[in-house]
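Here come two complexes built around subunit A, the first alongside subunit B, the second alongside subunit C.
Here is the complex of A and B:
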């Protein structure tokens, strides 16, 4: 294949995935229809994830007014927000709950989109950008965890960064140095300190938001251009109009999500789910308290990491990332029933490791 | 090997009573940990999470002359209601000493569960709706409002915020109702316009 042919094929591929001729009100809103069937609830998960993301932006901007990204003041500023600022505790708690709910929604969205074969041609790039959004969302979680600068935040980040460095032991030649260099770039100094906090803060409030705006923009335009995927092999019960029928239902789901979030934010401090010594300010000279672990959405990889050799997790994670990104091509000819079974198995694994990962760890390690 | 900061803390609390002689009382730590299943440390009663020994803020080596005098008065508080304010104890630690006196507190080391029986039942220092006695028994911090058994905190906060929740629910329902009509209005207007264009 010569260069001209390659360019022509690329142009054709992109033109099919981004049909700009459909970029008008009639195609994207007026004529858009949504299939109604047993799995149709999955269509609401993407919007729900976006709702929680918008809550994160609103509450995050409010927290930015008072949060101090310095090792001396970070924890005190978080306490100040919680104890002194009117509604500060509510805003901070809603931010914490919405982050977990956003990641939960994104994971369910991924599984339902997979089960509905929503990555089918011409939606391959919609799927790939969705996987990238999942990675960025995890990045938000990892970087945001450090910002309050308490015991669990700093010690868990140390463990996470240490794991990156250990990858070098499994790489050949010059590549063995790359993870250490990556860790140094992220950490910024010999140990987790001011440079790390500054970098995590920049990532959390500037770099990742810019990245997510770009990728999410493409993802949303792509969804609107191609419409909702068919979702099932059989004929849907009926088709309903996107505007206003589906949009109104979507808004009702957002209303319910908002109320759940408000009640959680007002009534159940996120911190109450952890033992209190973990929330004391980080003391570099103090002993490491028991119970250090990442946020719940990393349990699916954290507990296997504690139980199995690192190389097993590395191979598994690399394969998983590759399979996720290449899903539209790997599962091109797989029927929806099989995809549904895979999605259910993945969901069961995530639930078991999240709820019982610690018990499984103690079962094997004593 | 790591030292247990909770034991260090109770050692220092005992040192208060015996004028500097350190005695370890792991019974309280064992009792709270076993009963609650949670990790606790010296910050439950002390200013510093590693206890009073050391030179960090809240520890003996960091005290000013005035604070040392305060500490001396606290050390002599063998009887209850002495109204002392030890600079190395937090509000809960001082609450224990002021409520029971050091003599009674030290006697409890053989029956640490008695501490919950002897402390005032209605005291709630962090005003989170869970009494200090319950927080001691459940291994949560009596001075941190956001720390408590999640279900208990949820029930208490739900009752306290019910008014705001009802108002927010009303605002959400009304907002959705308004949006519903607004979007239907747009839909009808668009269809009418389309019909006009088709007929015209």
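Here is the complex of A and C:
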């Protein structure tokens, strides 16, 4: 294949995925229709994730007013926000709850989009950007976890970063050093300290947001350009106008989500879900306290990591990432019924590992 | 004598007549309880008369009623000067509005031939009395300022004394003539209530708010089609208004709630010297800790010997934490032979800090993934997540004179042995590891 042909094919591929001629009000808003069927609730999940993301931006910017990203002041400033600032506890709690709810809805969005075969041509790039968004979202979770600088945050981050270094043991020759270098670049100094906190802070509030805005912009524009995917093999019961019918329904879901979030934020401190007092400021000279673990949304990989040798997890997660990114091409000819079964299986795995991961761990490790 | 009749006799007569008359009229001729509509005969001037009149008079009457029913709440509100000015201004504005509307209604009633045909003497009596009553009210409000405030201590007790059947006209005997006339007017209206169109104030059309829209059916096909179209439009407009009102109300409440929270959030903490100094103290402590740590780092870069602890403080079962040359935690114990055991406390698995408490097998535990390390050799137990032993750290014992009396580098034997008396005087130091390749 010569260069000209390759360029031509690439252009054709992109033109089909990004139909710029459709970039107008009429086809992006007026003509768009949403199918109504049994799985149609899945169409709300992406919007819901975006709603929680917007809440995160608003509350995050508010927290930025008082948070101080230094080793000596970080924990004190978080305490100050919680105890002294009017509604500070609420804002911080809503930020914590919305992060979990955002990741939850992103995961459900992934599973439903998979089950509905929403990655079919010409929506491949929408799916791929969606997978990237998932990664960025996990990045937000990992970097945000460190910022309060309490025992569990610092120690869990230490373990997480050390795991990266462990990968080196499985790589041949010169490459064995790469994970350690990567870890040191992220960590910034010999152990998790001020440099790490500064880097995580800038990742959490500048770099990742910039990245997510770009990818999310592409994701949303292509959703509007291609319209909603059909979702089921059979004919949908009816079609519903995106504007205003579906949009209003979407807003109603957002309203309910806001209510739930606000009530949770006002009534149930996120930290009350942890059964141990790990929220003391990090003490570099003390021993690591018991019960260090990551946020619940990493349980699905954390508990297997505790139980199985690292290389199994490495191979598994590399495969998973590859399969997720290549899903539009791997499952091109799979029917929706099989996709739905795979999605249900994955969902069951996620739920079981998240809820009972600890019990399973103790079952094997005593 | 006349006063007694006007302020005690007349009220009771009026109230008794009104109650009996209204009940009688409500039961016997229910459908006369409204003010007969004349919109059909004339509708342009009606809008400019009826709307301002009703809006104005409803606000004013509700103000009177509120002051009468809840005098304490009312005077509570009025203690805020701004609220009192606001209420006075609103009252006068609304009564002027009502007076203007009433004027329009009177003019209309007297100039339209079609209306003249359906106007009864009682209608004219009512409007004339109303005009006088409103004028008297406005004049009272202007000449005897802040009636909204002073009436709670004079007029309201009088009205309650009537209601509780212990009439006491002492409160009103000293009233100015203008105000007495306004009061007499009020009793007259109550007296007239069952006999005139005034009774329609008792028939408040609350059900209007949720009754189905009414379809006016005309007797020609064209009109009928128009009517259907109009009904559909009216109904969709009604739904739209209901929806819009709901959305606006909800959004407004939401915005109000969120903004009060947000505004206070940005305003910051209230000034509390105690909390501020506590916060400052905490921050200072942590800054000192951080400075201390920076100091350690510098010390480890510059010095060949770092103090861990005096020898006397070492314990065989409870390790002493310190920071080694790699800025990672280390542990020091007293060995069985009296020589120190000094090793890294950074777990070789994922870098947690191991515990400093020695168990019965002479081991310390890493709490993260449960590895047990022998403190003598540093070797982890079989099957532990950690594979490599904890590193030994080079140390030196220095006596009170600053002379190194014993030392050990990992993998080698202790260079000296000392008597317990000398040891007690010593301090344990760690020594700088030789640079690799140097």
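In the analysis below, the second predicted complex is superposed on the first by the 364 of 366 C-alpha atoms of A that agree within 3 Å, B and C clash if a C-alpha of one lies under 4 Å from a C-alpha of the other, contacts with A are read in each partner's own complex, and residues count from 1 in each chain.
Definition applied: a contact is a pair of C-beta atoms (placed from the backbone, for glycine too) under 8 Å apart; a residue touches a chain by one contact, two chains touch by 3 or more.
In this text, all values refer to a predicted model and were calculated from it rather than measured experimentally.
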Which superposed partner A:306 touches (first subunit B, second subunit C, both, neither): second
First, second, both or neither for A:75, with subunit B first and subunit C second: second
Subunit B versus subunit C as contact partner of A:6, first or second or both or neither: neither
Contacts of A:255 with subunit B and subunit C, given as first, second, both or neither: both
Touched partner set for A:85, first subunit B, second subunit C, both or neither: second
Touching partner for A:287 - first (subunit B), second (subunit C), both, neither: both
Touching partner for A:166 - first (subunit B), second (subunit C), both, neither: second
Subunit B and subunit C contact sites that coincide on subunit A, given as residue numbers: 83, 255, 258, 286-290
Contacting residues of subunit A [partner subunit B, same complex]: 30, 82-83, 89, 93, 243-244, 247-248, 251-252, 255, 258-259, 262-263, 266-269, 271-273, 275-280, 283, 286-291
Touching residues (chain side subunit A, partner subunit C) in the complex: 62, 65-66, 70-73, 75-76, 79-80, 83-88, 90-91, 155, 158-159, 162-163, 166, 190-191, 194, 255, 258, 281, 284-290, 292, 306, 365
Of subunit B, residues touching subunit A in the complex: 2-3, 5, 38-41, 43, 49-50, 139-141, 144-150, 153-154, 157-158, 161, 164-165, 168-169, 172-173, 175-176, 179-180, 183-184, 186-187, 190
Residues on subunit C engaged by subunit A in the complex (per definition of touch): 250, 254, 261-262, 264-270, 272, 275, 279, 282-283, 286-287, 289-290, 293, 321, 323, 326-329, 345, 350-356, 366-370
